[in-house]
Every structure is written in structure tokens, then in C-alpha cells.
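Each of the next two complexes has chain A plus one more chain, namely chain B in the first and chain C in the second.
Entry: the complex of A and B
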């Protein structure tokens, strides 16, 4: 069975693995222990101790905090319970004018800001840009991902989903 | 009949198809194959046979490409071939434009369901052709031929081949006919027609092609190529049957498909995380004031393309397009065959990179294409000539949703921000040889790709619809059109910004040569809105860019005076201003009066979306990008917060200290300019309640709500509006 060390997976996630090695991993049979190795590598990367249950973006994680199972930024900012859309607790910068769009597209033709805006969802603590929505004005904010944690852990990983802190079993 | 037996072969084809579908329903397995018996009994024989089948397909396609006269097929590989079961399910396929492996399946099933066995009859040596998207293809230029495979008088399979034709005889030259607003202007239709018998194409069919196409040599020789490849595959299958016996063949092809289905479910469980994934993209199109477009509906319009993906615990993927827009009087509608094909080609590239690739993978998915929308029109007169314009962005969303599932599972190397739609240029008129001609230019098969989660996207090297993604050689294109290249350049800043940027696209600049009448036509432009996206903080790639042309420029004078010549539009988009002449700037489809020798024309393609926060991009890599023209110095500073400077011998380097300071300032500025989402939503809710939007935006909401109560309810709930909220008509 294919398997890689935590260090290799950490380098892969960071984009630091030499291309030759990355290419080999891409072409090989997939490693069945990847999820656990990736979680271990990510847990080493973040500065907090709450156990990561699932990454939901490159710098956003569902983790078990003292307050319960919450979505955390890599910096530790708490976006609230994992079942809620984290974007609604973020800071947002709306690019809805030629001037604001041109900051990102300084040389290209621009979209029509009456038809389209960019919404930048930012961590209010560290300022990390977590997600950009490109949509018509007035479009509801999208809840990107609602994982089936129980199904994933119990049916796919073959082990119990850890009980959520502070929630009676 | 027990569910473990192959379907009885003496049944009429239609009954066999129905029985196969019933067995799938009853057992949950393809054709009732609940056990991969042959695989278990002798895996080596089983695997060897599949390899032989696949080799048969690949070699048939390569042979056929050498028969074709079309640079689309010869250079760019716009062809695919496949072998099917008697019921029309794909067993094995070649590389190439794989979207059509499944659209051909639809075509075969359509003939079976429509009584072709009785009339016009299905016999050994028959050739059937189709390019009707409601029967089974994507657009008119995708012309498919299938031939039955008989063994001792019994139909035991089909061989099929598709080529994308460079000219299909529509209202404008080429095949992606943007002026088509109904099917009647799309070009020459061949609707599930028997075009040949005894391995020979009928002369009257060839005459019809010759008299209805601007450049019949492409279509007609492609027909020869396809028939040759079908015969090659048919004979290959017969040889295999001679080796393994007919009973083994009948069983093994079904096991291959069932294994493909199981493999897809297993890969989903291995690579993803179950749950609900959501995303969207948009398409904004303008034709107001352009000659030739009939005022049959909105001339400028905005489409929303929402997509919800559910990955179930058993590994099934369900895609739902509810909430999207209705079909329209434009060329970008799609049919379920095209949407199915889009799903198939996406799966083959992003999940089925090992094991058996066939229709089984598609069977492990489910698509909801709401009736009446552009994904499933309730009117079969609609045009689908440029359905890729909406199909590609919609499956770009799917790629991003799938990628989030890979990222959550830890398989970051599989994360891909996705394919993009990219505009096409086609032309017709008088060739450089003085003859009538028409052609689609297929250098578009090399746009920029979306970024990955671990590296930048591919520059000028990827489109979703042709995984081989080759722009072709300039010299070959120049042989086939009355234009010569004066430049083919990387389009700087055309990749979406991000920690990993999207792949850049390119721009071609041509000088018209030896023609007094050249119609240049372009299609598939989302110029008003982004039809692609970024991921995890990455930005979308720019919208489709405007066309720049110069009529009667003073190029000869400048050459005579040995002055610098333009070779593109330059980083500042002003390089063509070196020339005197009539400068033309056009947004959206290029439908202008003909050009002539001496004119200059440019056409640019689209880049891919970015991944990750721009403030995390590697400054050293960015300096290399500036040096090589992928990113401008200004964008490095203003978008990425990276300070670069030119050193000796044109080498650029990053100033890491200045970059760190600039980035700290940009991060602080970002935080000071952003405000809480809750605060913004309170303001925005008032705007929504007042319906304070551009007319095209109001129309988009009104139409989405008309077709989907779910969309209306979710929209109203999100903004705290009454459940029966309506968006008034555009005034």
C-alpha cells in the first residue's frame, strides 16, 4: 500500500516538495492513510491545540475547541459553530466599482460593476483572504461546504466521530 | 432469465435496452452484473483484453487522424473513438475529445428507442451519422459516425467516432455559430441518418455535404477518417472474439462497465468527503446593436449558474443545476446530452486516472437538469452552436466543488481551480488561393488553466474539452487561412491572481494576406462578468477581453521606413497604436464588415482562476513571472504586494525587505477597508428589497425565481424578505 511520511505530506501541502516528487505522487496509487497524515501535518502548522476534525479551506479548519466544534482560522480566529456559514462572521470588502476592480485587474478589461461584484471574505483578526465570491449584486452569500462529518468518519474512515466538546452524547 | 445471466441476445435491441435498464434498477449494478466473475476467474486475461480494446481504440484514432485533411483533427486532435455494447454503453475509448464518448452513447440509444432496427434497419456495414444535439452531441460541428459490429449475424457492439468539423455551413463561417438564435441557422444537420451501407458512404450524402458547406474537404475527409476508424475497431473486436469466444465477449464488456461504475464509487470514497458542496458562476453577454442578431429576446443578458454537489455516503455524486436561467434565443443553450458529456469528460480527467474508464463512471453520478433551463431546453428548436460557452463555466464550478472535497481529504495535489471558457475565432470568404473557404481556428485549444493548490496553473496549455490541449503550429494554420502571424504572445496578467496564479493565456496578432474578403467572427464571450472563479482566496481570471483590429494600417510604410512594428497589444494594451489606420475596438462577438489584405486583427484567449491569498505568493517566483511577461511589474506591486526591480541583463529580482513592508501595509489596509459581513448584509438587504439593480440583474433574478421556487425561497430567506418576494420585470 502506498504511504508517505508526515514530513512529505507537509511539504506537499506547502507546495515545497520538488516537482519531480510531486509528480510521482500524482501519478502513483493514492495513499489510504493520507487524511490522517494531512491532519497531523496541519495540526503541526497551526498555533492552537484544538484537534482538527476536517480542513474546509486552505486556512480554515473545523476543530474541537472548548466552546464546541467550531470553524477556526489558522490564526485561531473563531468563526463560530461548524454548521454555520463561516462567511457570515467574516469581514468583507466589496469591489463594486471600476476603481476597486482595477486594483486587482490593473491592465485588463473590467467586468461591469452593475452586473458583477467581487466579495472578499477576510479574517477579521489576521486579515487573511479566505475566499472570493464573484457574483451579481444581491446574490445570497454561498455556504460553500456542509460536510457529512458523521458519515465521513464512521462510514468512510471506519471510526467514530469524536464527540463534540460540550455536547452531551 | 436470472439477474446473473447476460441479456438474451435474440431479443430486439429495444427490449434489450429496456431489460438492461430494468436490471440496473433491480440490482443496482450495470446490466445486472452483481459479480465480476470473469475478472475473478482470470484477472490477467480480463485485464489484457481491456488493454487490447483500449489499444484498438487509440490506434484507430491515430490512423484516422492521418486520413483527415482538417488541421483541427490532424494538429489539435479534435477526435475521439470508442467501442460500445449493443445497447450503446461505452466499454473502451481512445484519448481525445472524450465528452463525445457519452454523447455517442445517447445517439445509439436514441436510434434503438426510435425503432431503427425496423426502419431504416441496422445491418452489418451500415454507417449512421448524427450532429443533432437533442439526439446526442454537443453542437452541430461535432459530427459522429457509428457502425454496428456483427458476429455471425448477431449485433454484438458498436464502433463510434466523432470529429469536430471546422466548418458546418451555418449563417456565419465555422461551427461555433454565435449568430444562430434557432437551430435553423446553425448549419448542416444530419439527424441520426443512415449515410452508408456495406462500409461505403453514400454518394448522395457526400454531394449534400459538398453543396452545403463552405469547406467540404474537411467534413467529407473526416467522414472517411471516422468510417475507417470504425471499421478498424470493428475488425479489432472481431479478432478479439475469435480469440476469447463470443460468450466471453458478451459478458466481459458488461463487466468492464460495471467495474468502471464500482471504481468511480470507490474513488469518490477514497478521495473526497461526503456532504453538500455549493458554488456558482455567471455569464454576461452583449449583442445589442450588433448587426445580424434578431431582436427575439434580451440582446444583452446575464445568466447565473448555481451548482450544488451532494456526495452521498455510498460515493455517488449528485449534481443539481436548480436555480439557473431559462434557454434563450441565442447559441449557448445546451442539451442533456451535452451536459452528460461535460460530466463524463470532467470525471475522466479528474477522478478516473487509473483503472477502467468507460460509461460506468458516468453511471455512478446523477444530474438534475431542470426542464426549461439552458441545461435542458423544453423547446427542441433552440440553437446549441456555442453551448460550450455555458457548459465550460458550469463544469468549472464542478471542478472547484470537487477540488474542495479533495482538499478536505488531504489530496491537495488533485485540487484544480478548473477549466475556463475561452473565445473562438472563425473565418470565411476568399482564401489566399483565391477559392471560397471557411474555417474554425483551433489554437483556442490552449487557454490558461486554473491554478492548483500547490502550484500555478498551466500557461497556454489547457482546455477542458480537449485534454490534449494543443494550439497547433503557426505554419499549419497559415497554410489554411489568408492571414499570417505577426505575433503570438503571452497575455500578461491574464491568470487569476492568488498564492498560486491561474495559467496565463495568449493573444495572436495577424496580418491579413492575399484576400479581398475575409469575414472574421468570434464567439463565446463573457465580457461583462467573470465566468470563471478562484478558490480559497484566489481571484477569477479576467473577463473576456475586447477585440482590437486596425483596418488599412500603415504597416508597409513602417516596414519601408524600418520603424518598429507591433506584434501584439503589449503590457499596456497600446502597442497597436504604433499604427495609423482605422482602429477598431469591439466588445463581445465580433460581427463586423469583412476585412481585406493588409488589415491587422488580434484575438485573445482566457486565463484560469487563482488559488490562495495573493499576499502569500512567492516573491522570487513573481520576479521570474515579471521577467517572462506573465505578470506586469505594476500588478506584482499593486495586486501581490511584491516589489520587484530589473537588474543586469534583463534579470528581475524581488526586494524581500520592501515586499515584507508593503505586504504588512496591504494587510492592514485590507482590514481597515473591510467591514463585518453582518453590517454589509443589513445595507444590502435594503437594496435587495428596493430591487435597486441594473435591468439585466433584475431580469436574471426574475427568471431564476420563475423557474425555481427553491431559488425564490432561499433568496427571500437569506435577505429576510417575504416568502412570495418577486423581482419586478426589467423596465
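Entry: the complex of A and C
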């Protein structure tokens, strides 16, 4: 079955593959070992050793740390237990005025800040912008999604989810 | 025997030397056909040499000359016509190695190059990828945004100047482009096809600036390339002409130099996408870029006349694609906006439908769902299928054909390639049959059935799109893999007749040699004629139509005369693209009265339109009450060329044993058969072959299934009859 080298997968993740090759991979059936190779490439990239269980965005990972299964930033900043909304532990910049919105859209028409605000969720350690919400003022912080880790490991990868460190089975 | 029969061995040969050579340089192989005054022909083949096409041209000509039994010097010294259609311009476009362009356009349209009507982001994609929006991406533009300059001006759809041209804008843009060291400046303003004054003025100003700067820059105007409505495709046409044709022209000149070196006395001709010949000095060379598959349709129309059936479906199966063309009661559809490397062009082209289906298609089995899919990738000729043993590792349809004994492992390309059937079987079993849990032969036949079902469905779709029953159509099957999969592609459709050819692999090159010298000039119009038009109104329309036809005819004839055709040999045919007012598609109507002179002539044109409309759209009622609209007026100018004629010979007794060359085990309908083997070139008119049988030719293989029959007619055409 189709399989690519770890280097190719790493280039794919970094966006370094030529478009022609990227599209060929996208249009083909997914390679059997893509997940494991992608995890290996990401594990090489991050500066910590806690095993990655699932990437949740381009620089945010669920990983098994000594404290348990936590959401980690690429820099190692710990956002807390994976079942909890990581955004609640992030630094937040709320753009809710014409001046703050104009920093993002200097030449375009602006949304009305009485109806919509932008919330930027930033890593308190490295300053990476992880996520942006566009919401009505007063709307609760959105919990983007909580992955079904057991289902993913058992039904899609065909193996058991590793037990969470420090939690009795 | 590793090549077609030499001329002396072939039945019915004459001593006349060849006078026409047709060369079709495809992506992989360059095919050559030689034709003499009696219409006798022979075929040669060599690998295409993209870096310098003249090498492949000479090698392929030499192969054909050898088969005829003459030297290259004898061949070229006696030729009247060298007809070449190649891939140089297309490769320039695909590899983005063309000229450095600048663009001046109407202010506000600068982003058109990037937006490409949206559809260029997914044009040419498979259906799955069209839906899979993450794969959408625009092709790299031929001119970057920063060398695109908008100038203030506006002409409306009636040709009236709404905003005058701001000449300072033009001078600024021209100076910027000169400073950017462009090779060419393209000019495309909106509605220039109605009134070109602004494009002409922009060109004049650019020329002034270029002269003042002492630069060498060519200027292209869109209305001069093709004065037809729809600015995106007009823009692409002018850009591609400026971008890609210069190097293509050099390749063609190298071909001309090579043929003149061997004693050819005239200029080389190339094939236009609407099916005519033009000199390689043709001013709109991009009109020759889609000519490859056109040859087949021309050849089919020619064969159709011969056999007295003018409703045909032509099908060309090679390694990668399955091209289908339809000729309905002698009418071939013209496609006005074909795609070229995902750019919409504005070039009239004989309409073809294409699906990805060919013997080189790679077979894949989804590891999760066990779903089997074919292609769209093809193994091409390098590395090729596994059985070629040149490094191919993915199973293809050709491997299945070899595994099932349908391809002769020792007679592929006349024995030039020995097929490694065992290796193909081993890898196919491991990658396809085992994951599916099926016997290797059953799996291989299933894969072939999938390909043939795809082609079969595509044929049905194309026919039903015409609104006519298949029982009125004859299927013509050609291309290297056409006869191999003919039975499956055509089974159950109920064609009136199914034909293939001893020269199936060279049929496109053969078709090219049946073309005449031709020019097609046309211009967009908007002439609406109500159903209640009075004689005076009709007379007005007639005057307007005739004036446009006069201008176009003068231009077309002047171009042909410039190529050395005598005026009295040039015939002109005015045509009109018409629709019932309010419709979205035109039909092409040949004017039955030449240039119209009065109200009666206009009535005759409208009557002819309604007749043509009814013949194409049989089940659709005509709608004369809506009135009719003339959307485009054109003139084709034609001069005859000598063509091959097929030899008609008396029928022999039906026993084909003189062509019999043995037996081989072949797998058909789920079991092994002891199939008879025949040599295709040895078949004689009158022969009948009963399946299971395999008819072999160095360049193609015809598989006849149990219960089916092939009959060779007096033209030595092969008729396939399903049992």
C-alpha cells in the first residue's frame, strides 16, 4: 500500500513540498502509516519528550506528561488537562474597538465592534497565536472540540489508547 | 517479424512514391504515415524527443521510409506535403518556460489573470477532486500581477466609447514594462471585439515608447488574435500566443530545416485545432496547440464518407486517456472555449469528450475500504507498466492484459519490448488480488472490466447527450489500446456497426493527412431577428451580415494567398453561429446563399438554421416564435490537398487461415480459452474470424471474445460483431 518516507511527511506538515506533490498526496488514498509518521515528525520538532497522543492544531498537542494527559504548546507551555478547554489558560487579546480592529484590517471596512469582537488566544510563554474567535460580545469562550481519543485509537488505528499516566486503569 | 509488412509485401501496392507525410508527435511516440497518389500508405514510429523534436521527426520518418523501401532523400525529394503536429508549444506552456510578458488591460480587470473565472482552480480535475475543495489551486499565471497594468478606458457592448482612453496611463504602463525588461506586451481591453480603437491606440503608444527606449518588444492585441466575446478566454488566448508560440515556432522551423536538408522543396504544414492545415508561419500559432486528437475525428469523418454512414462515434484509447468525438449526420460539434493546461482558451476546436481511461492506468486498492480505483495516474512509457520491466512498480491495466494472455509477451511493439508476465503477475497478486481475497486472473479480468465499463458508460453518456439512439451510429475504435478493449467498451450499447483498422495505432496521423488547407476567421456579433421581421428589416440584416462576411473573406483569402495558394484554388464558405433568441448555445450554420443579398436570402439562412437545429436536437422542438440571433459570423477558406484513398478490393472466401499463426491460452469471461492467433496485416477482404481469437499487429492487438465475430470488408476495415 502507499507509504511515504518520514522526511516526505515532515515536509508535508511544514508546507515544504512542491504543490504538485502535495496535491498528489491529497488526492490519493491516505497512506496506512500516515498518523504514526506524522507523530514521529512532530515529536522531532517539539522541544519536550512527553509522547504526543494527538495533534490538535498546528502548534498544539495532547501529550502524556508526568502530570497526566495535558494540552501542550510546541514550546512546552502546559494548558492543563486535555478534557478542559485550553483557551481558559491562554493569554487573551480582545479586539473590541475600532482602533484595535483597524490594526488587523488597516485598509478594509471594519466590523461593528458592538456586534462582533475578535478574541486572540496566545501562549503565555512563547507568544504564539494559537486560535482566533469571532464572536458577539458576551458570548462564552468556545470549546472548539474534545476529541474521542479512545474511538480514534481503537476504530481507526486499530490499537488501544495508551493509559493516561498517573491514572489507575 | 518485428515491423509492419514492407510495401512490397503489402497487398495492392503500386509503384507510386509517397507524396504526403503526416507526423503526429505525441507525448511518448512520434507516429508517421506516408501516403502516395493512389492513397496507399504505410506507418512508422519512433520515440518523441522533446528537447529537439526534429530528431524524433527524422527517426520516425526513417522508420516509415524503411517500411516503404526507400531512402530519406528519395522520400523527401518526392514529397508535396509535410504535415507536422507536435507538442513543443504545449511543453513550453506546461513547463512555464515561455516569454516574459507584460499586460495592459482595462482598469478594474487587472486581477482577471489570477481569478480565472474561478473554474480554472479546478479545471481538468477528477470529479472527486472537484468536490474536494482543499485540492483546488489556480495554475501559475503566465504574467505576474505586478506586470499587469490597468489603464482607464471603457467601451460598452455596443462599441461606443463611454470613457476615453487615458493616454498618460498607457505611457506610464508601457515605460514600466520596458523597465521590467519584458519580451512582449499583451493588450486586452473589454469589448475590443466590438470596437478595437482603444487596443489599437494602446498598441501605437506602446510602439512609440518601445522605439523611444530602443527596446525589442513585440506587441499583441487581443482583438487581432481573436475578436470574439468573453474576455477571460480572449485574454488567455493572447497570453498563450505571446508566451508559448515563439519556442514552438523554432521547433517547427527546425522540422522544416530538417526536411529541406533531405530535399523537401516546400514549407512544412501544421494542423489547426478546427481541422485544417496551416503553414508553420501562421500568425496565430496557438490555434495549433490542441491538434493532436483532432486527427482522429478528421480521419473518422473521411472513413464515414467512404462507408456511407455520416453518424459516427470515434473513440481513441491510448495509455492515459479515452477521447470520444461525435459526428452527427455529418456535423462535427465545435467547442469554442476549450481548456489548455487548465486555461480557458478562445479557439474553435473540434469537440472531444475525454475521460481518464487507458492501458497505462494505475490500479489502486484502498487499504481501508478495499475499494478499487483506476488512475487517474498513468504509468506512461517511463517507467511504464510492471511487465515492461523498466522499473514500474504499480500494477496497470496493461499488466492485466499481459497476465490474461491477451497481449503477446514477444510481439509487443513488434517484439521491441519483451513483457515480463511473471513479474507482473507476482506484484499484481501481492498488491491487488490478495488484499481483495480474489484469484489473480479473476481480479485481473475484473480490473479490465472496470476500465471498459468506464469507457462504455462514457460512450453512452456522449451519445445520449446528442439525443439520438446508438443504433444510428457506427463506432470507430483506434489508438494503440483501442482494439484491445474494443469488445468491452462497446458491449451492450447496440451500435449500428463497430469498426477498427489495421492501422489503428496510426489512425490520428492518418486523419491528419486527410485535412485540407484551411483558415477560419470569425467575429462576434449580436444580430437579433424577430420572428415577425419585415422585409425591410431583413434586408438591413442581410446588408450587415454581407458586409462582415466580405471583410472576413478578404482577410482569410489574403492569408491563404500569402502562403502561396492561387486565388482560383481557394473556396470560401461563410457560416453563422445562431441560436433561438434567449438560448445559451449556438449551432453552426453554413450559409446556403453565400453572402446574403436581400430579405429572401436572410429567410433562407433562418430556414437553414432551423433545419440544422432540428438535425442536431432531434427531440427538441424548434422555437421559431422566439426569433433567432446571430452571435458570430465567420468564413472558412479552403484549398484542397491530396489525400489517402483506401483501396477497395474484391472479397475473398471467408476462411482466414492464410493469416493464422498459432494458438495461445487467453482468459475471457472467467475461464481460459485456446484462442486462435492471427496476423492483422495478413487479413484479406472477405475474411471472417470467430472468437475466441486474438488478432495481432506490431502496434496493436484486437481481442475477439467467444461468440463474437470479426468481418473484413472490401476496404480492409475490420467490423466487430457481438454474438
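Everything below uses one rule, namely that the second predicted complex is superposed on the first by the 169 of 169 C-alpha atoms of A that agree within 3 Å, B and C clash if a C-alpha of one lies under 4 Å from a C-alpha of the other, contacts with A are read in each partner's own complex, and residues count from 1 in each chain.
To be clear about the criterion, contacts are C-beta pairs under 8 Å (C-beta built on N, C-alpha and C of every residue); 3 or more make two chains touch, one makes a residue touch a chain.
None of these values were measured; they are calculated from a predicted model.
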{"item": "Fit or clash between chain C and chain B when superposed on chain A", "value": "clash"}
{"item": "Touching partner for A:151 - first (chain B), second (chain C), both, neither", "value": "first"}
{"item": "Touched chain A residues, chain B compared with chain C", "value": "B"}
{"item": "Touched partner set for A:18, first chain B, second chain C, both or neither", "value": "neither"}
{"item": "Touching partner for A:26 - first (chain B), second (chain C), both, neither", "value": "both"}
{"item": "Common interface residues of chain A - those touching chain B in one complex and chain C in the other", "value": "19, 26, 29-30, 32"}
{"item": "Chain B residues touching chain A - in the complex, by the definition given at the top", "value": "269-271, 273-282, 284, 302, 304, 311, 313, 354, 404, 407-414, 453-455, 492-494, 497, 499-500, 527-530, 533-540, 542-543, 545-546, 571-573, 587, 611-615, 632, 634-635, 638-639, 667-668, 670-671, 673-678, 680-681, 684, 687-688, 693-694, 696-697, 700-701, 714-715, 718-719"}
{"item": "Touching residues (chain side chain A, partner chain C) in the complex", "value": "1-2, 19, 23-24, 26-30, 32"}
{"item": "Chain B-facing residues of chain A, complex", "value": "9, 12-13, 15, 17, 19, 22, 25-26, 29-30, 32, 34-35, 37-39, 54-59, 87-94, 103-112, 114-116, 118, 120-122, 124, 126-132, 134-149, 151-152, 155-156"}
{"item": "Residues of chain C defined as touching chain A within the complex", "value": "126, 128-129, 132, 134-135, 137, 364-368, 373, 377, 431, 435"}
